[in-house]
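Chains: A, B, C and D, in written order; residue numbering restarts at 1 for each.
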Amino acid sequence: MTKKQHNFSLRDFLFTYGFLLVLLLVIVYFSVTAPSFFSMNAAMSILHTAAPLLIIASGLAFVIMTKRIDISVGSIAYLSAAIGALMISRMGLPIPLAVVSMLVLSCLMGVLNGFFVVILNVNPMIATFGTQLAFRGIGLLLTNSMVVSLPRSIRFLGNKKVGPIYIDILFSLFILLIMMLIHSRTQFGRQVVAIGNDISIAEKLGIKEKRISFFAYVVCGLMAGIGAIIMSLQVGSVTPTSGTSYEFTAIAMLVIGGVSLYGGEGTILPGVLIGGITLAVIETGLNYIGASVYVYSFVRGGVIFVSMFADSLKTQVKPKVKIMEDEPTTVSNAQ
Amino acid sequence: GEEKTVKVCVSWNEKVHSLIQAWQDYMEMYAKELEPTTGIKYEWIVNVANGDANLQNNNIQDCINQKVDYIVARAQDSGTIGASIKAAEEAGIPFITFDRASTSGDPTAHVGEDGYLQARSTAEAFAKLLKDNGIEGKCIELQGDLLDNTAVLRHKAWAEVEKELGAWTTVAEVPTEWKPEKFYQGALNALQANPDANCMYVASDFAFSSVENALSAVDKDAPTGDPKHIWIAADDINPMGYEAMVNGIIDVGTTWEAYSVSVLLVDTLNKMVNGEPYEKVNLISGRLATPENVQTLEYLYSTDPKYAD
Amino acid sequence: MTIPYLKMDGIAKSFPGVQALKNVTFEASQGEILALVGANGAGKSTLMNVLGGNIEPNSGKIYINGKEVRISSPSDAAANGIAFVHQEMAMLPTMSIADTMYISSFPYKHGLIDYKTIYQRCRVVLKRLGCNFDPRERIRNISPGDQQMVEIGRALLHDPQIIIFDEPTSSLTSREKEHLFEVIRTLKQEGSVIIYISHFLDEVFSLCDRVMVLRNGETAGGGLVSEYTNRDIVKMMIGEKEIDTYYERSEHRAGEEIMRVKGIYRSGVINDISFSLRKGEVVGLWGQLGSGRTEVARALVGLDPIDGGTISIKMGDQMMPVKQSETKKYIGMITENRREEGLLLPMSVCNNMSLANLTNLTKKKPFSSVIDSKLENSETDKYVKRMDIKISSQAQRVETLSGGNQQKVIIGRWLQKNPPIYIMDEPTRGLDVGAKADIRRIISDLAEQGAGILVISSEIEEIMSVSDRYLVMKRGSIVAEFGSNASKEDLVATATGAASKKE
Amino acid sequence: MSILNSGVTQQLSKKDSKEAADIYWTRYLPYIVLVVVFAAVSIFVPYFLTISNLLSVLLQTASLAILAIGQAAVLILGGIDLSMPGVMALGSIFGAMYMRAGGNPVLGAVIMLLVPAALGLINGISVSYFGMIPFVVTLAMQAITIGAATMITNQISIPVPENFCNAMLTKIGGIPLPIIIVLILTLFLQFAVTKTYYGRWLYSTGTNMRTSRVSGVPTKKVVLAAYSFAGLMGGLAAIIMTSRLYAASPQMGKDAVAMDIIASAAVGGVSTMGGVGTAVNAVIGAIIITLISNVMNMANVSYYLTLVIKGIIIITFVAIDANSRKKSTK
C-alpha cells in the first residue's frame, strides 16, 4: 500500500487529453483536403477566431467546476459590449473609461447571476436563462437594435499583429495563463474545485461555499466582458446578435477540453485551450474546404457526442480495485 | 372626409435590426402625415416573434382575437406564414405580407422589395464594372442566413449572373448566418485560403465593419484606385455600408428601401380602407448605388441620424 | 484538582423536532484520552460539532485553559487549536491529497499557493501516521483506509491542542487501527487533549483513560475507564432493561440448498467464488477489511459486473441457473452505505418501505399497475410494528430518522417483499448496541422462518453471534469454511493468513 | 388535493401539515399568480376574456404544454432534454416528406410520433447505458437534429396536406382537438404518475438512482423510458405544431425553444433537481409562459421590455418555488 512516486499513467493521460489525438487527426484531415489549411496563416486565424470564446469559456469553466452553469455569458458579452460601444461612439467618453465601465458592468451582471443562483437558490440553468433574456432585452433597448460601430481609431486593434501573431491571441493566452494560475495556485481556485466535488463536504471543511460560488459567477461575468472587448474589436462593431449562442459554443469547448459538467474536474491549460482550438479547427477547416453551411451544426453535434462518449468510457472503466490487506503473506493463493 | 380609426396589427418576426425599427417608424410617420388629408387614423399594434415561426403564428392569432382591421406581417418563415394568412382570411381580416413574400398561402396583398432584382441589379453592375476595368474576377461570396428567403434569392441572383455574364468565378462560398463574427472569420479564412481572390460579394452590408476588419487583417482594406483594392459588391447600403461606400471600399450595391417600402405599405392600406382598387403585389426595386452617387440618394435610412451613428 | 484544559458548560442545542443536547457539561484535560460514548442519536456528534464550530449551540459556554472562547466557525475552532476528525470522511475525490488536507487555508508564497512547503509538510504528517503516499496523488485513487488516514492527517496539520476523533476506525484495517492507536497515544504523551467517540467498547477499554456517557442529549455518567466494566457502560448508554439481549447467540436448523454459487470471478477483484446457501441458515462471510466481501455481495445481485461463473437459485424443486441481472428478484440486498444506496432520504417511511414490493401492492386486474394505497399502508404498518420502528407517522421523511431506525426501514422493505435469500453487508455499521441487538434478532427470526442469509460484518463478535457457518475471504478468494463450532482464533487466523495452510 | 401534489410528499400527518402550513401556500403561488394576472388582464385588456381568445391561448399552449410534459418526465429523473425542439422538427419533416411523397396522412402522423421517440431512445441509451451527461448528450442531439433538419430541407418548409391539418384542428363541442388531447393526456399522466408503480419508480429513481437500483427498480429502463417519452411528446407536439402551421419547418427546431420548454416546467413547479413535479405542474407552467407573451401582445408592451419582463418572471417563480421547497425539507 505504499506508493513510491506520483506515477504517470498513459491511460489516465489518454483519457484526459485524448482529444489531442482527435485534434491531430482533424488537422491532418483538413490539411490533406485543403492544402492551404496547413499553414501559419491558418493556424493564426484559428487561434484568432477562438480568442474571444477562449476567454469567455475560461470564466465559464469556474462556474462549471462548481457544478453549476451560466448560459447568460453571450448576453453579458453583448450587453457590456453594447454599452461600451455606446459610451465611446455616442457619448464620446475616453476609451479607457469606457473599457473600465464595461468591465465593471460585466462584473455586476455576474453579481446578479450569483445573487439569483447562490443567494436565492434559483436553479442555475433557469436563473441564467432569465438573465440571458433580460440582459439582451436591455441591450436592444439601449441600442434600439442598432449596430453600434467602433471608431476606426481603435478598430485596428482587432487584427493587429506582433510578428505573425495577432495581439488578441497573445492577450487571450495571457488571460488563460492567469486563469490557470487562479485555478490551480490560489485558494479561490482550489476551493471552487472542492465545491464542485461536493458542496456539503466543502462547507464542512470550512469553505465559505456561498462566497466562493458567488465569486465564480462574478469571474465568469468579468471574463465575458473581457471576451466581449476582443469580440467587438475583431468585428469592429456591436450588432444586436453579437454573442448569441456563445454559451453553447463555450460549453462545447469546455466539454471537449475535459471540463466535466459534473463539477470538480478539468483544467484551464491545457484543457480549455485544447477544447477551444479543437472546435475552432473544425469550423475553420470546414470553412477552408468550403463545406455547406448546413453541415456545421451536424458536425459540431457529432464532435460533442464523440467526446462525451469517450468521457463516459473513462467513468465506466473504473480503476480496478486493489486488493490490499494487512499482512503481506508469502503463501501463494491457497485454494 | 370624416375621421376613421383603423387598427393595424404589425407582426415582426424579430427585432434585432434597426431596419425593422426604421420600417415601423416610417410607416407611423407617413401615416400621420397623411392623416389630415385622408382622415384615416391608424392605431398600430406591434408584436415581435423572437425569430420563432410558431410564436409568430401565435402572435398573429392574438391580433385576430383583438379584432384588428388589418394584419401586416414580415414572415419569419415564408413556408409557414400561410397558416396565419388562412386564419386571418377565416376571420375576414385582410392580410398583407411585408418584405418577405409567402410561399405557403395567398395574402390579400404583398408589399416589399424584390430581393432577387436587387441582387441582380448589383451583380449586373458589378460585372460591368469588372469588365470595364479589365478584371477577371475571382470572388468570395459572403452569403446570408439561408433560412431567410431574401438571402436565398440574393445567392441565386449572384450565381445566375455569374453564369450568364462570366465576369467572375466564385472561389469560395462562405455562410455567415447573418452573424457579424462569421462575416469576419469567414471572410478572413476565405481571404487566406484564396490569396488570389480579387473580388467579393457581401450579401448584406449591415455588419460591414467585420468585412473591413478581415480585409485589413490581410492588408487589403484599400479604396478603389489603390492596387491592394478588392472589388466589392454589397447589398443594402446599411449605415456601415454607406460609410464604406463613401470611403470607396464598396464599389457597387443596391439600396434596401426602408422608407419607400413603408410608404408603399401605407398607400396600399389607405386604398384598402377607402375601398379603392390596389395592386396585389407591390414591389420596389432598390436604386443602384456607387461611390459617385451614394451621397446624393434621398430617403436613405442609413443617413437618418435615428438609425445610424 | 486543577482546572481542566477544556470545559464545555451547559451546552444545549435543539433541531426542529429534536432536543439533541440538553444542558451538557463536559470537561477534558491535557494528556488524557477521553472516550465519548452513547447510543445512536445520543448527541455525541452534535456536541463535538459545537466544539468544532460546525454547529451554533442554543446556549452554553466553552472555556479553554480557563478562558471563555467563542467558536462560531471551523476556522475559529482551528484558531483555538481544535482539530476534528469527522465521522463521515470529508474527501474531495478529484483533488490531490495535499489539496484535500489544506483546502480550508493554504499557505502562500509570492502570491501563489506554496505547494513546495505543503508537500513537505504533508509528507511529514502522513509519515507520522505510517503512510508513505505522494501528496500529489488524487484522493479517488487511494483506498478508503488511506483516505481515513488523510482525514486524520488533516486534523494533525496544525499541531492542535484538542483533537476530536469521531468514529475514526470504521474503515481501517486492524493494522491501520493499531497504528492509529499508537499515534493517538503519542499525541497524548505530547500533552494533547484527545476526545475519542466510538461504538466499540473494546477500543474504549484498550485506548482511553476516561469515559463519558451521553444518553438522549444528557450526561448519563462517566469516570475513569478502569472503574467500569463493559456492562456498566452499556447500562449507562441504553438503560437497564435492554442489556439482556446483548450477547444472544442463536442456532438455526438448516434446510435444503437454496442458492449455489459456482466459480464467479472478476479479474483483479474476486476469484473463483463458490459456495452454497441453505434455507434457514445464516452464513457469515468473514474476512479482513478489503478482502473482497462487499464485491462478492454486489456481484451476487448484479450491482457489479462479473467476468464469469454461475449463480443458481432454487425454483420449485430444482436449482436453476439465474442470469446475474435477474438475481435481484430473489435476493434482498442490504448494502453497507445506507444513505447512498439504501434510502430515499427525502421520501416518506411508507414510500421507502414499499419500494421493493410495489408490483405486489396493486389493485385488481384492469388496474394491475395502480398501487392500492390502503394495502401499502397496512403492509407498511405491519412491518413497522413487527420491527418496532420508531416513527411519528408513515409520512415522516426517513432522513429525519435515527440511523438504527433507518436501517430497520431498509430491512423492513425486504421483509415486505419476502425474498427467499438475504444478503446483508455490514447491517449494523454505525449503530448503537440496542439497535444492533434488534437487528441481530431480526436476522435470527428470518432464518427461523426459512430464509437463507449471507451476513458480512467486520465485528467478529457480531458475526459469531448470528452465523451458523462461516466463509473466510482473503484477497478476493474464499480460503476457508468453518462450521458453527469455529473459534474466534480460527477465523482471525485464516483471514490474516497466519494459518493459511490449515484447511 | 393529493393528486395535485408531487409523488414525494404524500399524506401529511396532522402534525406535519400544521408545521408545513406556512410554507405550503407559497407552493401554490404559481396558481395564485395565474389567477390574479388572469383577473387583472381580463379587466384591463379588451377581448382578453372572450371565449375565442381563451381557447386560442389554450390552443397556442397545446404544443408547449406537451413538450413541457415530456421535459418534466426527464427533469423528475434529475436529467434534462435540450434536444426537444430539434427532435420535434426532424420528426415533423420526415412525416411531411412522407406525406408529400403521397403517403397516407395517418402513417405520416405515426412517423412524426415515432422518429422523435426513436431519437429520444438514443438519448436515453446514451444517458442510462453509457452514463453520458444528459445536458451534453441532448445538446449534441439538438445540434445534430437541427443540422440534419436543415440539410434535408435546404431550409425550405415542407407543406402538409390540408386534410391532415384540418383533422388535427377539428373542434369537438367547440373545443379544438389539441386542447382535448392535452387535457386527456394530462389527466392520464397525472393519474399514472401519482397512482401507479411506474410513477413511483420515476420518483424514486429521480430521488436516488442507486437506492432504487438496489431495491430492484429497473432504473435503466426507467431512464430509457423517460427520455423516449420526452421524444414521443416531441412527436406529439410536432403533429400539433405542423398542423397549426400547415407545414413542417426546420425552424421549429430553434435552440431557444428548448429553454422555453424547460422554463415552462420549472415555472410550473417541476424541480430541475429531480424527484419533484407532475404533468399538471408542467401544463400550468406552459400556460403561464404562453400567457406572458399573450398578455404583452394584448397590452402592446415594447418588445425589449417583453424580454426583460419574461426573464424576471421566470426567475421570480422559480426562486419562490426553490425557497419554499428548501424550507420545507429543512
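As a convention for this text, contacts are C-beta pairs under 8 Å (C-beta built on N, C-alpha and C of every residue); 3 or more make two chains touch, one makes a residue touch a chain.
This structure is a prediction, so every number in the text was calculated from the model and none was measured.
Undergrad: Give me the set of chains touching chain B intersected with the set touching chain C.
TA: A, D
Undergrad: If you average the CA coordinates per chain, which chain's centre is most distant from that of chain C?
TA: B
Undergrad: What is the distance in Å between the mean C-alpha positions of chain C and chain D?
TA: Centre-to-centre distance between chain C and chain D: 43 Å.
Undergrad: How far is the middle of chain B from the middle of chain D, if each middle is the mean of its Cα atoms, in Å?
TA: Chain B and chain D have C-alpha centres separated by 36 Å.
Undergrad: Please report how many Å separate the Cα centroid of chain A from that of chain C, as a whole number.
TA: That gives a centre separation of 42 Å.
Undergrad: Quick check: how many Å separate the C-alpha centres of chain A and chain D?
TA: Between these chains, centre-to-centre, one finds 30 Å.
Undergrad: Pull out every residue in chain B that's touching 2 or more other chains.
TA: 15, 146
Undergrad: Multi-chain contacts in chain D: which residues touch at least two other chains?
TA: Touching at least two other chains: 150, 154-155, 303-304, 306.
Undergrad: In chain A, what residues contact two or more other chains?
TA: Within chain A, the residues that touch at least two other chains are 140, 292, 294, 296.
Undergrad: Which chain pairs here would you call touching?
TA: Per the contact definition above, the touching pairs are A-B, A-C, A-D, B-D, C-D.
Undergrad: Quick check on the complex: what are the chain D residues that touch chain B?
TA: 46-47, 50, 52-53, 56, 59-60, 63, 150, 154-159, 241, 244-247, 249-252, 254, 256-257, 290, 293-294, 297-298, 300, 303-304, 306
Undergrad: Can you list the residues on chain B that touch chain D in the complex?
TA: Answer in residue numbers: 12, 15, 45-48, 50-55, 57-59, 61-67, 76-80, 82-83, 86, 103-105, 146-147, 152.
Undergrad: Which residues of chain A touch chain B once you look at their complex with the stated criterion?
TA: Its residues touching chain B are 34, 36-37, 39, 41-42, 45, 48-49, 89-90, 140, 144-150, 155-156, 158-159, 166, 231, 234-237, 239-242, 244, 283-284, 287-288, 290, 292-294, 296.
Undergrad: Note which residues of chain A are touching chain D in the complex, please.
TA: It comes out as residues 69, 71, 116, 120-123, 125-127, 129-138, 140-141, 245, 248, 251-252, 255, 260-262, 292, 294-302, 304-305, 308-309, 311-313, 315-316.
Undergrad: List the residues on chain C that touch chain A in their complex, please.
TA: Residues of chain C touching chain A: 53-54, 73-75, 78, 86, 90-95, 99, 103-106, 108, 112-113, 115, 131-134, 136-137, 140-141, 143, 145-146, 173-175, 267-269, 271-272, 288, 290-292, 295, 474-477, 479, 496-498, 500-501.
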